[in-house]
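First chain written, first letter: the chains are A, B and C, and each begins at residue 1.
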Amino acid sequence: MSGAEFVPLSLTPLLIGIFAAVACALPGNFLVLRRQALIGDAISHVVLPGIVVAFLATGVIAAGPMMLGAGGAAVVAVILIEAIRRLGRIEPGAAMGVVFTSMFAVGVLLLEQSDTSSVHLDVEHALFGNLESLIWLDATGWASLLDPDALRGVPVELPRIAVTLVGVILFTVIFWRPLKLSTFDEGFARTLGVRTNVLGMALVIVAAISAVAAFDAVGSIIVIAMFICPPAAARLMTNRLEHQIGWSVVFAVASAVLGYVLAGYGPLWLGARDAVSAAGMIATVSGIILAITAVAGPCRTRSGAPVQD
Amino acid sequence: MIVDALLLQLGYNATLVALGATLLGISAGVTGTFLFLRKRALVSDAISHATLPGVCLAFIIMVGMGGDGRNLIGLLAGSAVSASVGLLCLSWLTRHTRLAEDAAIGVILSVFFGLGIVLLTVIQTMSSGRQAGLEGFLLGSTAGMLWADAMVVAVGGAVVLALILLLRRPMTLVAFDPEYAAARGLPVDRIDLAMMGLVMAVTVVGLKIVGLILIVALLIIPPVTARFWTERSDRVVLLAGLIGGFSGYVGAGLSASAPNLPTGPIIVLVGFTCFVISLLLAPNRGVLAAVLGHLRFQRRVHLRQGLLALAQSQPIYENLTLRLLRRADLVRADGVATETGRARAAKALRDEKRWEVVRADQAHEAAAALYDGLRDIETVLTRDQIVDIDARIGGPQGVGA
Amino acid sequence: MLELASTHGTVPGETGLENSPLVVRGLTVSYGQKPAVFSVDMTVQTGTMTAIIGPNGAGKSTLLKAVLGIVKPLSGQVQVFGKTLNAQRGRIAYVPQRASVDWDFPTRVIDVVLMGLYRQLGLLGRVRAQHMARATDCLDRVGMRDFANRQIGQLSGGQQQRIFLARALAQDADLYLLDEPFAGVDAATEKAIISVLKSLRAEGKTVVAVHHDLTTVAEYFDNVFLINTRKVAEGPVATAFSADTLQLTYGGRLATAQIDQLAQVPG
């Protein structure tokens, strides 16, 4: 494929897919190890009511308010889950189930009640995203990457998810040590003066920010898949957290690239005319990667009995 | 209008839907209780998301065989098949890899749902797919439901409920005490499987009414709500069924009474309202009761510690303790004990000594186990026993000011 | 005549107590509405080994966790070397119960020991040769040097306990708090751990351990702290670890004959 075709049509969606996948996979590693994998599930469900409320409050479809609305909803959901878990003494899974389904129901109800048919705001968009449509029409080839005029026409989702990714990477690097420590042994971390509650909340908020930034471009389904599948597959590849993070990034990138390509060209190879959902395909590929590691990953089973020497 | 709806006066279809929703609510509430008690509430999330590829494949196959693809029974059969495949994958992952159940649930729900969406886009490009209406399975849609479909929902709800009634004894045993159930020779694995089968049946029946994303709410909210009101597990089952049925009935009724009130979300929100009321107001487990209880308890602890310190002429450091003692007129503003304060302190110290005797004496083992620093000794021993203990301690001792 | 345990304790005097490694006053901790620890006072002397003893559910671990700030007390104060806990965190090392963590966590033995150097390393400080040498040295002290690169899930229970001890050694503290260090470990590990603890005492450090094996108290420890929700007794093994105090602590849970036998073990 030539640059003249690839750069305007495929480069930006591909990059957005990759950045979104990695931004979700990084905090996902810690969520999976902390048995909080389904926080990602909960967050991605409550994004819908968040953007609907933001739309109803401002009356416009604009990225700023909608991101704020979605982020706000995620934080509200996390606080509600914690509150219900503690106050009602209910196990976390059930507390999550109560909160995210109810908030999602509010989102759907508000959507039906308000006249949003004239604007691009619907449940399917929230679930599937529209990765394929994030093209860069001002580009004419690889040279456009150096052309300021053309760069101005890059879809706004790209810089947004790129900035989010940088933020997530910084968070992971700076708080690497306390994150690892408190995930392994929370009590010990507290005796060292690590404020584990604050750190745990920060991790969930970072995950929420990734989810919101990614969701806008790729829909909530990729978000859930990327929070959980690459880290889970990576865990089956290695017994060291540092390597696990590396593998999870590799798997996230591979899912994004393979998923995007398969969605765009797979049907053509099979003789069909139209592409299928890239978001759905990326999630599917991440599942296939997990299936392979579950069958053949070197560290797929629990460590088992102690080794004698 | 709302009254009409709740009295089932809105026509044959609406009545069938309300009936179906009620039966579904009861079935979901009861089934969900077994999941909730086994701490596996979110397994239902994986099952419900895993129905999507089955629905799509069933549609594609039915179209391929020359039908129009919208036969509800066919679609539901497809959803059941893919949900079982999802369930099998889930249990394989948790058994044969080191992944914890929550990660495995996340994997199944996101990957199956992703695959479903790929298939949905395939259907959209098929010629007959333009009005497939499969999106209705995401959020449920009862508006303009065919009579035959409403019949399927109502009959499906009734069948699931009948199955639950049939299986409730062994499932209750397994949910509350799997080891005891196994010891009594019950096939725990098979009963677990049956439980999951019921969750799947509830999900499949509920697809058309509340949609696959919200069916989870019907399985989780009623048992969690019921749990606030009782400590007895058989009553949780009963209450959860009632709450689920109530949500289904009122939700379906409300939804039929006005346009733009989608059935699924309304049913869920009726259930959530019940939950919030229970969370706040339930006796014992409710938030209000818990907060008041904690404050009362904290005051008791501080007062007791303060009295014991007074009795032994020790300084009191905690401000809260001093404040409480002052407010109860047990000490004066300058921190010196009042007449009542001295009397109460002496009594507290005496009780503490009585407890010491009780706790050192094997004869009082049962009573001693109840000691927590606060309990009045009169509540665990008879007057005669206390007199006997006092005789061992010696005469009353005064406390200096 | 039984002596009543004091409630609010004595004020730390002008002499001595400021330097006491650990002073607890009027500590009450409750889970829900049942106090696990009620109005407990405790004073630990420098350079000693103290065993916290009591029946199951008597609040031993809770006391330790409240001292460390892991659980929040309902009332009471804790002073470490005369100051608040937060000001002295660098001088405390902690060995949690082995079962309190997920040993399937993806990490190596040496990484766990390096966690003990967290306060020196900070957020972004690089792990240098001197840190590696220190961690390896601590592993050596517990006899686990050869296991440095092993995945932690591959260790036996006793080995896991030794790793936790090595991590505490890496903290280079003055006060060591251990929660059931001998629970479920093999005889060799028990011997290794007690010899490390005794060498710490020889260096002038202070050791406090929750302990469940009454038969080894006199052999391992200088002081005992008997607790059953309330403090029952505190002091040197020779005086505080008696038939009377054990009876008070365990009530009917220990046979009288057993108690007499234990209390006669020479200190």
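The criterion applied here is as follows: a residue touches a chain if its C-beta (ideal position, glycine included) is under 8 Å from a C-beta of that chain, and two chains touch if they have at least 3 such contacts.
Small disclaimer: the values here were computed from a predicted structure and weren't measured.
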item	value
Label of the chain whose CA centroid is most distant from the centroid of subunit C	A
Maximum inter-chain contact count - chain pair	A-B
Gap in Å, rounded to a whole number, between the CA centres of subunit C and subunit B	38
CA centroid of subunit A to CA centroid of subunit B, Å	29
Subunit A and subunit C, separation of their C-alpha mean positions in angstrom	43
Residues of subunit B touching at least two other chains	98
Set of subunit A residues in contact with two or more other chains	235, 299, 302-303
Overlap residues in subunit C, where contacts from two or more other chains coincide	104
Interfacial residue positions of subunit B with respect to subunit A in the complex	36, 39-42, 44-45, 93, 96-100, 102-107, 109-118, 120-122, 125, 135, 138-139, 213-214, 216-217, 219-221, 223-224, 227-228, 260-262, 264-266, 268-269, 272, 275, 279, 285, 287, 290
For the subunit C and subunit B complex, residues of the former touching the latter	2, 4, 6-11, 25-26, 28, 30, 33-35, 38-39, 74-77, 104, 228-230, 244, 247-248, 251-253, 256
Subunit C residues within the subunit A interface of the complex	65, 68-70, 86, 89, 92, 94, 96, 100-108, 111-112, 115, 118-119, 121-124, 150-151, 153-156, 159, 167
Residue numbers on subunit A that touch subunit C, as the complex places them	33, 173-178, 180-181, 183-185, 187-188, 190-194, 235, 238-241, 243-244, 299, 302-303, 306-307
Sites on subunit A touched by subunit B in the complex	32, 35-38, 40-41, 45, 84, 87-91, 93-98, 101-102, 104-106, 108-109, 112-113, 123-124, 127-128, 221-222, 224-225, 227-229, 231-232, 235-236, 263, 267, 272-277, 279-284, 286-287, 290, 294, 297, 299-303
